[in-house]
């Protein structure tokens, strides 16, 4: 019986050592991760009672994925076992002008082939207060999209909060498919998280004049996008992450939160990156924690941005940071002086 | 234009470090291998002009597989590019009473989804003298079994020698399916290589009284099996590898070769194992080299067994040994004294 | 609410790489382990609902110890937090005639400084059926010995089974101290596990004519020791592990179990060792599993010996093996053939 | 039969791990590299049919050097085998204000001791269109300088394009020796590549007022140097690389190309460095590719600078990048956003 | 018989790999270090005859600590053996906004439990000219503080120069305890080294208006602090290090030296950090070398700052740099161009 | 002023990881070693005051070689600096029937190019009691052979004991050259150490009927060889090591010592090898220690054999073992039980 339930795919992440190109040596760093699993780990690290729901095969790889979540205290008892494989993504870390590169090998994974009968949402949501998923999950296939919808419906019936990170992935579906499917799910969603690209690709909502490759932020454009999303789907909150990519090593990172009344723009962090994969998920984890634990809008936003700033300094998909560490950064200590 | 052509799948091999259990640490040793690719590498290391034929996707993983073959001088210019993925196998190395463990994740690989139109055998075999494949390749799917048959047919038309390692894999097909498919291919095969289990599982040919878990060899039983295979399919040679597994670290290893006249039993090696995956393939590579380069039956057999004895001391699927090294062992120096 | 509770110290284990001598390079393999924690992990791997009870400091090292147990599904919710440090042991793996070497740096660890008030056994044992501890725990200090006694008492009150591995450690206490303290605890113990050295050092019980450095076993001597222990303390079972050390790499391993009626001697395994630390603990884990799950005496003994045979092939203190793997070995497949 | 031939030394490169000082741990990263070999690998990665010519000993180190080139598809069939040793360079990567350090141990290498009779240039150049070498090769010894001259002569006879990277190495020869030898080779050269230091040290050609330690570029000075080189040796193109070293981690990198008519100055990249060794070679590889594949002067220049910008983000001497990756950067995407 | 004697604790330093969080993988980098040991290594690397005095246990860890110092040529013959343990510190390297983290496990180390009778200062100082210690040593315990005082007294009697780095550690003692103890030691000290925090915490001496988290330096404030220290304790020199922490990766680093007449402010370095632990110690080592070898005040200061700038680029506590390397940087070459 | 002086070459040893073939991955284990340096390290580990004499270049590699000896407490103050390079040997560790392989790249090393004027033996031997060298040193060149002779002469003049390990290396000189040079040196030698191959190759002294590849020892043959050596050169002791190579992993190891009266045959050890390079040197180190410290012939022999047995379990050329560890083995504890 967990307070927060996240649902999606957890993949085997296979990363080249350091800044090596794919297969430049014979070693791959094998860890696990995936949008909703990453959110679950963030929440577990903040002390929240959280369960991750998915389907994994009955082999040592599926078990290792589960163990990697148990390590952080995520409740894995609701994960279904079966199917053929754990999805994989290969990661090559970029540097300077060379971008990071991701190769997906996730087709036919157990979760992508799951059937609605695999998940008894009434039981899964017993006692739960919050449901989180991302736009990646329904993109995995028709059946899983259907499962998502059932989950959302049941969550609403039970009066749970539903949050969704749009997370558009062009290699999983077209903008048309994404739009059609996500449109239907939005009616159950309370909190919508995304970036300007998601809004455009999934819902055709465009801001004016922001060129993400240049590093400048256009506040008015973001407000416009947030407002359009808010009005179209009647969300409670719309959060937009603002990444200005200078090089693969250096990004500026901030976010805004619109609660229907005010547009809150967070502090911006100039980040020297260790690993940026999972950055958006750590923002979701922070925002959910903030709102779930009763912070005010702007405080929850600052918590989320500080949490994800720290994620960029942590290897792997998972955000190994504590509430205390996030709050220290929120409160202004970003100078990196040694803590003895 | 190569002298010998091998055809099959090359997979990404992901092995745990040392004797660690799967995912006991975060590192996987990523190399490449597969029955027929392993044979090609053996032959290239012996100085033979050899090409490996397969289908690999147009991504960095497919390219790395190709590069790993080019490294040894294997001709990769005949490999087709396309399809979705490189097959994977995960390997956990056993020790003492704990067996090695292999998990396959090879479904939907590019080669397993290949179509007959992908391969123009007339062109591929231009100038070639020998064709080698294994029972794994037709086991990958109906279409690929068809491709194998076309290749065999064309090879025979061109007067090439055809060798086949039976290599039964229970997770790829049933004994019934294997029997039906392999039966049809055997008519093109000159040299059949297998072990007692292959003969039984694929063709229902059984010897008497050999219990492979006990470490004793039953010469008469092996002769019986070889003879039955020889007579049923009119092979030129039948080779049977004889592995007596004492523990995961220690195996006795030998082979026999039947040429229709004599049953040659090789020297037996008591091997302290470094990596036994690819052991059978290195035997095939050695036997093909021996026969192709004009050795007499018993000499070719001893070369093959010595070559595969050495493979057991080499990490990875590929057998990094030279003709000189194999001959030194054949000629009796197995004491491991330092070569300065 | 767990079925089985184990109680003791979990240490940071710092092992040299491979067979390197201490500090021969700059790297230490940092994992966690300790007698009772190891037993808990074995049981969790067998699917038992097990909790480990201890005290660990409120820092990242204490947390990592907890995480390492959660990874395997051990219930860590009963672990107390506080005190100053996690105990450490340094391990240098031996080879051939060079013995393995352990340096302890465990004084002043949180658990060794714990107070009786830290543990509310009534609550801890709520719903539990079995309590396990070892002779190492009371050896850590007067207060912790007192805590052990309280736990044993409460377990008996509640009708739980109590098992104890004698595990004499000469660097923690003298034979006199050990004898006095352990004597008092034995009245609560149902199942006593030890080797011939423990029996002699702790209780002065000696067999005749066994020289453990020679590799021969003296069945009558072991029976004698078991009988004396059984009669003196009215145990239900006495189990004795029989290790014949040939070299640091090669040991023969077996055990006997006396149930007051019969002396069962297990199968003996000739083991080529990967890591023998935790071997005895894996025997306890196997024996507890066997008896707890309703196996007959001789079956439980064979399960325990097979389990600990496998442990010798696994790096680290913890025994990463499943019931299925242990049963395969019990049922005779110790030849290490590749499992595909 | 390759289109482009490069000629020179390939060395064993032994680099400390990460930013460790020499021998700070017991591990060296052993790869291969050398000016002309690096150019060959760049070209092979761009899909060009390229051969590398050199001399390497008949041992496992010489063979490994060859294999490392075959991996990328470089034609190694023209490499001569013989002599005693593979040259070595040790590399310690600098950081911030601490410079990178190179220790050469290349004397008496097989190529440096080669005789003119080792190379039959008429045969080597059969069907080839371009010959590339650097000023390092003739610096290795009198005999090898003679071989270079023969190669240049033969290349010109055959109407091939000849390119040369001046690459002055003060530890190999004096400025006087370099000037005398290089002067004689320049008459065969069409495309001269160098930096301001090369021009000064080898030919005494100096620009005015550029202090390379300050990070400012003096366009007029570079034009002056290019013009002087152009006029003195009647080149077709003079390319000058412009490195502004801020620290060992951060460099600005650009280049100019003079074609006798116009002075093209490239885009400048602010690079956060992964490995800068081989940066100049990757520029040559890019420029040769650009001109060979028919790009216009300024496009070839931009391709070369973008290619070498990317090289600074790749570990090792070799530039593992594709034409597509270089063009993406040329076309302005240097923000390092993840490519999924 | 050494010229310079340093006295204090040497610890086992256990650092996570790269930028990993504590125990994110199973590996720890195990080296040795400690304030005064680090100074000794710096001096040995500059060619000074230096001895380190401490107490270490008679086990392999104590011996490894000694060996790590002998490696650099530090005289270890005066180190006493005995006691129970080598102190430990765990280090997690910070990145960007995430600070580095140190966990100490140094209580009960051999040196912290040492008795005055362990050290015969008359003998230790035979022939020596300089004594150096830090404020960490007396903070380890009452007895060791007493030993420090005896050493200082004896050093003064013998006319030796005494230098002290204040190095306040809040986890070892309170500001009140530090003030009382250090006050009494200052009468023997000639050269006092510290930063603004030390001056405030130990002696309550505060500058005006410097906020160390902002990156700006307040020259007048530092002068004030230096003057107050100078006047209160009648030092010959007061050196203050000036660290402006921008992030965990980027610091500005400079220092000032007051000799009673002039306030010298050094060159400031913008450092991209590899490892900043031991940065202050390397400053002390440089300053002692400069003054001991007869440099003028400002030259010694510049040497010390350049030396410690380089330390920030070297992994581990010890500063592996030579006099030549430091002088190259002092003389202005901080551009990191490759040294071939 | 050391008691024992050893003289020869120390090389950079570059070993493949684990059992990998040369360059099978990109990593080399870089340590240092060489016959006489190895003996010096053994002696330092036994607490003897020992100096190693050689010549090494003034670069970071030469310095690292020195540091590696200082680490163990070897006096390096007599090592001359100069010349061009540190010799290298590449090592690939064998396994089972695959032999270990050594590739030397030692020509032109500083010591091999040394001149007699580099070494002032009168000064070097000041206060020394023992001089040790091996047959490798004079094999490096004419000049170094001359230096050896001068050293021997001076040692004899000073009444020192002179020991020599014949150590014939076929790749350094012919048997004829070896015989001529070594013959002249033998007149100064008191203790001659070798194996049966050395005796035959260097002095043409042959035993009867021993086939070293078979694993049987022929006691009478060894006696015969020892006696012939003894009588021809009037040694005080002749020691012969007896290695029976079963495979690269398993060797039997023993030795004999002839003192002109008795033939002592040592205990034989069946060794499971970790690293056998330096095995003979560790025997010399043990024998010198035994005789130097006053043990009787047979005791010194047993010490030497036990010491070298342990060396086979230690990675690297150097024998990291203490007198206590050797004595434990001598006294019969070779069972490898864990030392806690």
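For reference, chains read A, B, C, D, E and F in written order, and residue numbers begin at 1 within each chain.
Everything that follows uses one rule, which is that a contact is a pair of C-beta atoms (placed from the backbone, for glycine too) under 8 Å apart; a residue touches a chain by one contact, two chains touch by 3 or more.
All values reported here derive from a predicted model rather than from experimental measurement.
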item	value
Common touching chains of chain F and chain A	B, C, D, E
Reaching chain E from chain C through chains that touch each other, fewest steps	1
Interface with more contacting C-beta pairs, comparing A-D to A-B	A-D
Reference interface B-C: repeating pair among C-E, A-F or A-D with over half of contacts shared	A-D
Same vs different contact residues, chain A with chain C, by half of numbers used	same
Intercentroid distance (Cα basis), chain E paired with chain A, Å	44
Interchain centroid distance [CA atoms averaged], chain C/chain D, Å	62
Residues of chain D touching at least two other chains	18, 21, 26, 67-68, 101
Chain contact topology (line, ring, star, complete or other)	complete
Touch list for chain E against partner chain D, complex	18, 269, 271-274, 309-310, 312-316, 320-321, 325, 329, 332-340
Complex contacts: residues of chain A adjacent to chain C	67-68, 70-73
List of chain E residues in touch with chain C within their complex	14, 21-23, 26-31, 59-61, 64, 67, 84-85, 88, 90, 92, 101, 103, 105, 107-108
Parts of chain C lying in touch with chain D, wherever the complex brings them together	25-26
For the chain D and chain E complex, residues of the former touching the latter	18-21, 24, 94-102, 104, 169-171, 212-213, 215, 245-250, 276-277
